[in-house]
């Protein structure tokens, strides 16, 4: 097994930072046969969450009360390589959960595909998980000591077996899954968004810190404009971005610490577990900056708007005289538009993205390596030649991709290139589900702004401040929410929401 | 074998129109071992042309004078699935040609991969072709009647065997490839951009109508600012978009009817064959509208600028009161920026593209089909809600993708959606290398603007006029060039550059 | 999940009966680095056991005392598709176990590949299993009720988790694996041959009935003739057939109910659990008839010799006048030689096997189906024409393969074809690890000898009697062993070695 | 391109000698729709010829007079990986040809798959070839000089293009394929068995030396005993071994130099071209020894019978006192039975073949290499222990497989092992279609019998003499045929049937 550090190392060779999975659940209203094709809704829901993980995916469905077994289809690769008409047809049922997993070279095996399904003394149980159990070694020891063998190092097997364990003081009236979930939450408060399924219901669980996102939607009859009409089903998802494409309306987020139950009659809060220290939530701020799809909504605000606002704050903090504002497409475009509006400097595209470049596949020759030009992009020379540019990107992790882009723009005739990063420098590792390179690899731990500008060939370089990011993230929150809202900025500030040695 | 009509039918089921291949050649200056890694340059060059064809690709290299055989690597699929370090290493040589082929379900077999290589009485010959021989049946008959068997229906085998044929009046001093090429050009004047290789030289050929693009670049020593320093090699390519990424500078286009020779000592025009009717060239206008990458340069102007100008012309012709101008990303973005600047209506992004949606892979259920929402896009609801939108796209072919996008934007709260298309309606088939759906499938042959607006759910819909497109395409051309420049608009106007029954 | 009946149905569509896996273990003597390449020995050992299962295989190795984790490589398919130089190199260690699994369409998934590995509170544990737990539902309930989730329906996961469970009365001095194994044996006495590995030792376990085979070998230094020289390692295997090919000598069988420990210092019996009813063992008699490789040794006798003896007994019971004795190659050849020697009728080959026929892959046309000729065989016409044949095969299960062979021989000119089967008719299902078709599918439950002869086109047909088989199997056993030896003949006689509702 | 020598080198690394393809054709009688499923018959016919080549295969069918195109399916690998129900269904037609190709690492590409199909001025032409054009460089030059490009180095493209060439003196009444074939035969008399198809007929051609086999069969109505009833179709095949399995009866061989035409009305000899020197035919004697399937019939005699007779002759020449005669299964078994009958020494099996050993897949460790035991075989120890063995094999090529087998038998207790080879030593290369290792690699060019016995660990070793082989091959030939029959023994004697520098 690799250490976290080693795993990170591998993960980030190519991609900077990696997402940490998406979860999705769907249940149809009423009796079987239901109107909604649950497997297909989940499949499309996962396609909309594909940016959260491209390594493997799975869907598990249940035919409800009569189910002896779940229908399971999991596999390595992208959603549309795993599922086809035939496999969707075999995923019969009126409820189900799905999962898409991030890419890592370590333990990238079929056995680790989620959702995780086990047979228990109380029926079949299925778990999909996004996040990372902060005290996983302690929880692991607890489970092992109860005489259970664990076949993987995955959090989701660990969570599942922990839920299977008979409670120390027994259960009087048969299994009480919500009580078991609460017990698990007391053992491990951070971090997870879980979607669990037993044969006729789905539980959605968000950790008491609200660190990972999870939200609820409802499916109305087709072409129904009247919101009061009865729903045809409900969905639960890491992000809301796929809702419109499956005909669902966004309802709300699952609250930090909330256990919500989805059954054929509707949605109901079972209970809410408080954060141990009663502080405000610690929602991952990097979901806004980097991970989430820009049309998703968190805390009542669209991610794209927050990113635009980051650009506005950045313009307030670090504007400079220039002819045009542009972006590294597509990651920096929202912020660039914000920067342009705030600064009054016109926006223009300067880079054309080659959609067909895969991961680096051939070792470049010495000449081409020295050349150091980004083959992923082309320069729109007529927009660039003779211009002073402000180039916006969302973040810098290792700092090895921006240099070749600057070189390309200069080759195309740019007279000045000023880099502006719409988020603060990354300094610290994450222990809550995000793979960040090791401290030594984070460029911000090695070079200050001046040095980094020189290193990358920029005329100047500036980051958004932590304060600026916080302003951007909170600008739209209504007062009541603002009080109760908090964000985890650990990777930027080192202020972790909890002790690390739980 | 399928008829053209049938082939088109298949090709366009999913994609509207399909590109027609990219060609690329590279030769190093001086003696072996040369400074330039030719195979790698070609591979990167093909990656930059990948948008012109994703079905198959190939690279063929030669070790020059000493070569008894060429090194060949071809395969189905995308460049980075076909080539790896090992195959690039085996493609030794100081010159070579590459090809990337468009996707079609008909005859999508390895035997059709280009470049096409044959052994002849005069050494090995290699041909890469972009275009379509307009009188291919006549040429085919000629070749067959000379006692040659043809193993495929591909133009490139046909061209190759036509070049192998002994000339009727013999050759006094051994084989004269340029004379054979000229003979071929007299038999078939349209349409092709060819890159041919014999053991120590490359010929670039553009048909006398200049219908398909082809341009030349030179590779200077690294970090060389002085343009007069000796070149390290030369490249020839369908488009210039990849030049910067391989360290090459754009030199010029190959002229219509020109045969250019690339050898280890430089580039030289061998001869130029006039268009039979001496009219101006007929460069495919749809390269500007749709096919080319936006950072490529044709006729001295950047494609992106032409597309922006199309947007400006469109605004002049068909503006309407609205709150924002936006685009279907990424095809309509350049034109949308042009439209915005011309009209003064602010540009804003309204759609977020799901990069991970592949070709349709599961048959949607009745409910989802009825729902009809584009799963390839998400709506940026805060930018859309309560707004009157002008939505720009580059073209409409079958008209079946824009409807769901409009539905999505309305679901996200748009109050009005006005569709503006930055090119004229498509009415006629192309016989020069582009797969356009059959006449019955072209939506512009079935519905007028009002009907199409209704059909797609738009509040209004307008196309750019042919005249507007011509203005946009010619605006930047310098006077001398303007006179000599002409464009093929056959698919829009039915005016073909030549009789079809050659 | 499929019922046993259904599973059988699927399994036997094509193949009659299916084997039930092979297990293999190897440990090197002395300290690391050891002389023996353990992974390679296991890999070759599995190749020799490939006839016992072709669905999937796996090898797990341990670096001994210092091992924190095991090295694991498992996969679907045949051994030489799963393992290569690289994977063997990564399977470092001085001890290891391997498994090869039979083919079944049900639950043929990677998650079911063995050996099964789990992390326990007492280190890593690895289990490879051949057999079938007769009271698996009861054992399963026991495990589930202890609060363990089971992710598969496989016996090997069940066994592993059962061994992980903390014993009811605790363990004073840390984990006592042999005690846990004994406890498991008391819960489930039938049927299994197990090879277990913890970090520095291997346990071999045979069920108290001795139903499945398991034997031990030792590896001597190369070219060593002196048996008293120290061993370089030990192996444990379902069959002895691969021993010579890895340089190992056969030592003995693991005794029924024995737990044997293989460590770096040698082999040692830990304890022996008696059969609950103290009757003689019940070794599967069909291992002799059908499953085992003919060069394996059970109970001191070579399988080939037993098969020849079956042919001799068959000749005593059911000889008939004929010109030649022959066999369906290669399953009936040993018996045919025995029959020939006993009867004095000369042996000659009459069928030539097409080694390249895979499983049926195209649906034969009506004409070819009616033709009904075995495409797997060709007839040696000159040996057949005008001859009266006795044709020997080892067994008849569904009775659908012998007919076409008889047709082929008649087409080739045979005047009479008398079928003789070197084992008794199959009447009953097996619950100890062998997939036998359902009762209705067993041809012997539908047709008597006369009917079956007619059905298959034979001139006559006879089976070996149960008594004759028993004589053949016991002929070579030395007196002492004969007394203590017993065989399970349940599939022939319905006499199961134990109650079925444990 | 590799030289013949190099190609041989590669081919024989693993396998000793390699076959040279199988050809097959089928035509249905009468009008379409015909009773016979032609594609299926060809597919089964190829399965029966699979031993002649496992690298690639193809089937091409024609719908007869109305055919504009042929239906083609080719691919790499074994027949049952290439064809399935769907591809067979698409191979519509009332006639067709098939090909299976031998395995070689050189040019093992899809482009070389046969049959080769070209469009000609006179319709589509299809060629399947077994053999090797002895003067291929001269023929190649002729074709190239006529202005044809050749895309491969394969003989079958060369033959096809040679047939396409317009005859020097024209054709008065349209194309005359038989005349073109005769012309080709005059240019290249050796060696080929060809099956050609144009749209409504098949031509079978055997070279004037009769070097490669080719025979004809007829398909009678099902269950038809009356030979005079009208045929339903005809087949032509490299060997007769598959005839019974497709319901065909053997008719006769195609005669050396004969062109036979198969049409919907029957079989007819078009003409017969004599061997230039009018000597008797030169049929490859190694077809009897090694290549052909033992149930095939050549020159009126079953291959198995010839092999048995080789064993008899060997016993006459080189018997020795021993307890048993045995064979390396399955290659030596026919000869071993012959040896046993002639010598009176009983036959017994001593080796058990592991059917699941693929090509060597892992590099054996030093210990296992030193061990040198054949993992492809197990020893039947009770048959071997204490015995003096005579071990028969059909041939020795490189001499590297027999040593480990002898070692295995000694480890199993054999007291003496005398090797007898049922064919003469191989000394010379073949230029007529068989890949034989280079002279240096042929063990018979390096070691005499005594040395080879020592080298392999045998107590003695002897080959069959060339004279003995000739006696065996001719024993059954009826007088008239004997006179006219001759065999090519070039690889044994160096006496080639023709000058090599044609």
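The chains carry the letters A, B, C and D, assigned in the order they are written, with residues numbered from 1 in each.
As a convention for this text, a contact is a pair of C-beta atoms (placed from the backbone, for glycine too) under 8 Å apart; a residue touches a chain by one contact, two chains touch by 3 or more.
Since we're looking at a predicted model, the values are computed, not measured.
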Among the remaining chains, which ones contact both subunit A and subunit B?
-> none
Farthest-lying chain, centroid of Cα atoms versus that of subunit C = B
Find the geometric centre of each of subunit A and subunit D from their Cα atoms only, then give the gap between the two centres in Å, rounded to an integer.
-> 62
For subunit A paired with subunit C, centre-to-centre distance based on mean C-alpha positions, whole Å | 49
Counting in whole Å, what is the centre-to-centre distance of subunit C and subunit D, each centre being its mean C-alpha position?
-> 37
Going through subunit C residue by residue, note those that touch at least 2 other chains and give them in order.
-> none
One finds touching chains in the pairs A-B, A-C, B-D, C-D
Listed in rising order, subunit A residues that touch subunit C in their complex are 1, 68-69, 110-111, 116-121, 125, 141, 144-151, 153, 157, 160-161, 163-166
Subunit B residues touching subunit A - in the complex, by the definition given at the top | 35-37, 40-41, 43-44, 47-48, 50-51, 54, 78-80, 83-85, 88, 222, 241-242, 244-247, 293-295, 297, 301-302, 304-305, 330, 333-334, 337, 347-349, 352-359, 361-365, 367-368, 370-371, 373-375, 378-383, 408, 411-412
